[in-house]
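Next come two complexes built around chain A: one with chain B, the other with chain C.
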Partner chain A sequence: MSTERPRRAVVTGIGVIAPNGLRADAYWKSVREGLGVLDRITREGCEDLPLKVAGEVRGFDPSDLIEEPFLVQTDRFSHYAMAAAQLALDDAGLVHDGPEEPFSIGVVTAAGSGGGEFGQRELQKLWGQGSKFVGPYQSIAWFYAASTGQISIRSGLKGPCGVVASDEAGGLDAIAHAARGVRRGTGAVLVGAAEAPLAPYSMVCQLGYPELSTVEDPDRAYRPFTSAACGFVPAEGGAMLVVEEESRARDRGAAVRAVVAGHGATFTGASRWEESREGLARAIRVALDEAGCAPEEVDVVFADALGVPEADRAEALAIADALGAHATRVAVTAPKAGIGRAYCGAPVLDTAAAVFAMEHGVVPPTPNVFDICHDLDLVMSRARPAELRTALVLSRGLMGSNAALVVRRGDESAR
Partner chain B sequence: MNRRVAVTGIGVVAPGGIGSRAFWDLLAAGRTATRGITLFDPVGLRSRIAAECDFDPADHGLDPDLSRHADRYIQFAVVAAGEAVRDSGLDTDAEDPWRVAVSLGSAVGGTTRLEHDYVLVSEGGRRWDVDHRAADPKLHMAFSPSTLSSVVAEQFGARGPVQTVSTGCTSGLDAVGYAFHTIAEGRADVCISGASDSPISPITMACFDAIKATSPDNDDPEHASRPFDNNRNGFVMGEGAAVLVLEEYEHARARGAHIYCEIGGYATFGNAYHMTGLTSEGLEMSRAIDSTLDQARLDPTLIDYVNAHGSGTRQNDRHETAAVKRSLGSHAYDTPMSSIKSMVGHSLGAIGAIEVAACVLALKHQVVPPTANYETPDPECDLDYVPRNARPRKLRNVLSVGSGFGGFQSAVLLTGPGGRTR
Partner chain C sequence: MITTALTFDELSTLMKQAAGVTVDARELEKAPDAPFTTLGLDSLGLLGIVGELENRYGVALPTDAERCKTPGEFVDLVNHTLRTGV
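Coming up: the complex of A and B.
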């Protein structure tokens, strides 16, 4: 009935704290070059664990961006999230003033492991010394909502706040949650995820995942889609995005970097990878449908790339099922092979890479992968120049979720 | 797309009795389920009281694997979801699985199991370089908060969007809110929605001790949770779960389901003020209430009951009273507002869903549950808190509100038969 154009959610800012780069531009440079940064874990107390390789964030000094009072109250995962959030706000040039304005900007994060290092320290005080030694910040540092709450407080953002505590696919669900909020009426949402799962006890908790790679050679530990695939390598860090209503962004002269166009989510059971084929294919179809996008319009796929043979096979088949004949022509990539999987942070990092890829007209390569055993056009060795208008980002979680996100170039005036 | 969303099933695991009938009996009688902690030895803690569930997984036919490896909060959720699905009469095998979603909340997830195994691998907190060989091989189930929704989705064959929501103490309200959006906007036709937490553990009790948020009335646990009373001195920890079956209205009608009520609206805002502190003005909670009423195009004077967050901390109850007065105006003085935390304690992320369940049952029975233990008025909390005794009342539109660490303020509106009437 209304002739008004539906509200569109666009990306206007990107902030990244990742193993391969401590700002969005540094991250993109490493991704574009296919730099692999997987390495031996150096964190204290992890020496004797059977997990030796991960993507660690190194050289990060949170006090460069975040004030001391916020740092003492929080775990490393929130340090990454707060820093990435500040970088995203700066990138978007988003400032708010006036008493009404704060209510129009929300914060949404996904979290898959919470404040494990902080929690382990406080558990050690409790059990080693006694309950009176547990500090006042344990109640706000360990839980999954810590980053959303602290970002909201630190930046004075009072809009709808949310936390999707999910497996990896939750990173995409969070972006979709933010985009829907914008379509319903919120002006902008600071959204994303950052994780810090490399404290000793957090690592012990992950050892039970049958998909975990325990290969000790960093160049061989995580090689999705190859015949040598032996599981995934965990990582830390993540990304935050500013997702904003399009006319609001244009009115304030912000660059519209991409459109969050469609999302689909399904569930096919923990570690039942063969069944994820149908679930992921369906998520892709739902996402394309919401975006009003034909399969042939997809120019690049950022794959989930779990690195487990049956999961890789299921993903290759899901792409074929959903995109039809176009599946053999579309460029597929998995930059995370060079940095590991930062749980909920991983698909947000991929979404950031997809935005840069469309802006620069180049598909980044898949590090450490040279020869694949699936029928995909996986970009390997070096970046491939290409006109990219639409990207499809895929993610699956170890507890059974499948998600697909369609992002399109900011200057595409679709519809 | 904005479709109507009906509540067609309800299941509860709460202190004082398992099942929605036992839960309502407790509320309607104004009985309290708070007592000295029995789940572990609380010696040395400042607050040694809690509202515990008398729950044995063996009584509920849980799969042996779940009984062994799944944390207590997941077992609660499976049992509550089972009751809700049975109550709804939904034949989950006959539904299109891709159109069945799950949205469940939890504030602290698997921390009880995580702490249990931590003690084993750290030799009782003596070493930072923990020894993995002593850990349960399925410890990742406690580590990943998505295990909650994953296990429940698996049990009921859901293949649509499956989410765990974790916004601290508003998790339950927000999980129901996300489910409402999922159905209203067409991403699913059915959503198994609610929340669960089992936070009665040494680490969680100790961390609330550290900020003196919990009541130290160890000698009189039955009367320790006193929301809105002038002598209140903190909340009493609780545990439990509540699950609702939410369903697209026409979908429910087509299969002849009993419809308890509809979800009329949901909103959440942040106070951007303090992780644990609340202002005395209640501006952001009031904004959440206003937005919820706007969505239903409901005049505030048509609210018949407010189910309060009412945790029983000094600042919360004052904050919330101010927020409700700001939104309802003088009608606030004519509107009963009670806190069931006086009876079932504060089960962190679960309580929002348990309180929504209480609202559904209040609409069903046309009875307002009371605030137990309320004796002494506080000049700053001057509304009608329904002291001690449940009260029959014509109920059509009911609001449930909550506040969470992180500054989150959420509201859910339920409209019963004959409700909304503009």
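Coming up: the complex of A and C.
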């Protein structure tokens, strides 16, 4: 039976809760237009902190999609994740009133910090009023695994579940984990990440990052690859994808939106940006190799784009190291310059944008960036029409993880 | 001495507040033996209600309180404790 085609992991659904859109199509429309939505932080209790600008999710009412008991039990980061998960399931047409095969569908999320807002509220009760005033849901709401668990329970998904805690790049590692699960026999995995770093305690935790931008002008706070690069701004929200076995998707008539083709991950140490060059280049090579993809086949790169001069330089050099002469020709973009970095959610949002970009044949621009000081063909100002068959998504974490993901257009058959 | 007693109205309010579960008090009154689980209240939710009542009345409820399976059983146990102190 060696003639059987290998199992492939494909994307059949996308759900997004982001500062620039509360559905995947709204997010893509904003990304395609290159709109910047960075703004002053308005969250209660955050007014007097030195971090002033971020990508806030606004106008989001979680009760539109999620039942009250699940909201009471969880932090905002899980509200975003559960909503994005429901939107992804709807988009994939996979589950409505309970899946037929609950054991064939798993859940994997990546998380960078867990539920800081919920945790702060309960810890204030602990030290303000006493231990008897701490609610029992503190035990499940604030830790990394909360979103995976609640999505699994809420949707009745009983397949292999997991949580990836590998820093910001964990968003890509989670997608790779899901794809491996699908190749090994799981029918589908609901996978992604959403974060909620805009709450007082969570913000104070971030103030120690030397890479954080505290510039107060939203249009100037996050400008990767420019000579004015001054760090990054955080964002909240994220995305969830349905990654499904290809023949299963085709059998039920679902649209195959993209193929998860290859992934590589490395670690080069916290804030050692110069060293991230080698780590990121290695991750790209591993991802291309797994995808059976030559460097010349990459049509667009979604850059990590940290916005720190040393890190931007390392990324530009890593792309050159891994793609060779093609590096100066390939279109590079960083939509997150307009919405901020949603930590683990950021590379999943980029992956969602990559799928849309391939579907629509257009490379979205990099907001707020007009003149760069690196040898890259960064798409700026307006979207660029292009035939896109293969996208490379890059991500690095502040703690030193590097990852690369290769996604191919859905209608491409196996090579 | 404590003269208050836990009513189904209050239990309904607590279920909403502590666990996000919406159940009409009349429904609880009419079917006090309907299990909490079928009403959508899990064990952590009941634990939260127990904690809230202990803080409100300044008494410790017996550990059996958080193991109650139905609203009727729970209201009886809480009111017995409030009356007798044990």
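Methods note: the second predicted complex is superposed on the first by the 409 of 415 C-alpha atoms of A that agree within 3 Å, B and C clash if a C-alpha of one lies under 4 Å from a C-alpha of the other, contacts with A are read in each partner's own complex, and residues count from 1 in each chain.
Rule of thumb we're sticking to: a residue touches a chain if its C-beta (ideal position, glycine included) is under 8 Å from a C-beta of that chain, and two chains touch if they have at least 3 such contacts.
Just so it is clear, the model here is predicted, and its values are computed rather than measured.
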* To do: Answer with clash or fit: chain B and chain C placed together on chain A by superposition.
  => fit
* chain A-centred angle between chain C and chain B, computed on Cα centres after superposition, in steps of 10 ° -> 60
* In the superposed arrangement, does A:Ser271 touch chain B (first), chain C (second), both or neither? -> neither
* **When both partners are placed on the shared chain, which of chain B and chain C touches more of chain A** => B
* Should A:Pro136 be classified as contacting the first partner (chain B), the second (chain C), both, or neither? -> both
* Thinking of the overlay built on chain A, is A:Gly149 touched by chain B (first), by chain C (second), by both, or by neither? -> first
* Figure out whether A:Gln73 sits in contact with chain B (first) or chain C (second), or with both, or with neither. => both
* Distance in angstrom between the closest Cα atoms of chain C and chain B, superposition on A -> 5
* Asked: Looking at chain A, which of its residues have contacts with both chain B and chain C?
  -> 73, 132, 135-136, 139-140
* chain C - residues contacting chain A, complex -> 16, 18-22, 40, 42, 44-45, 47-48, 51, 54-55
* Within the complex, which stretch of chain B touches chain A? -> 44-45, 98, 102, 106-109, 111, 114-115, 117-119, 121-122, 124-126, 128-132, 135-147, 149-150, 153-154, 158-168, 174, 178, 181, 185, 187, 202-203, 205-211, 213, 267-276, 284, 287, 404-408
* Asked: Which residues of chain A touch chain C in their complex?
  -> 67-73, 132-133, 135-137, 139-140
* What does chain A use to touch chain B in their complex? -> 44-50, 73, 102-103, 106-107, 111-114, 119-120, 122-132, 134-136, 138-140, 142-146, 148-150, 152-153, 155-167, 170, 173, 177, 180, 200-209, 265-270, 279, 282, 397-401
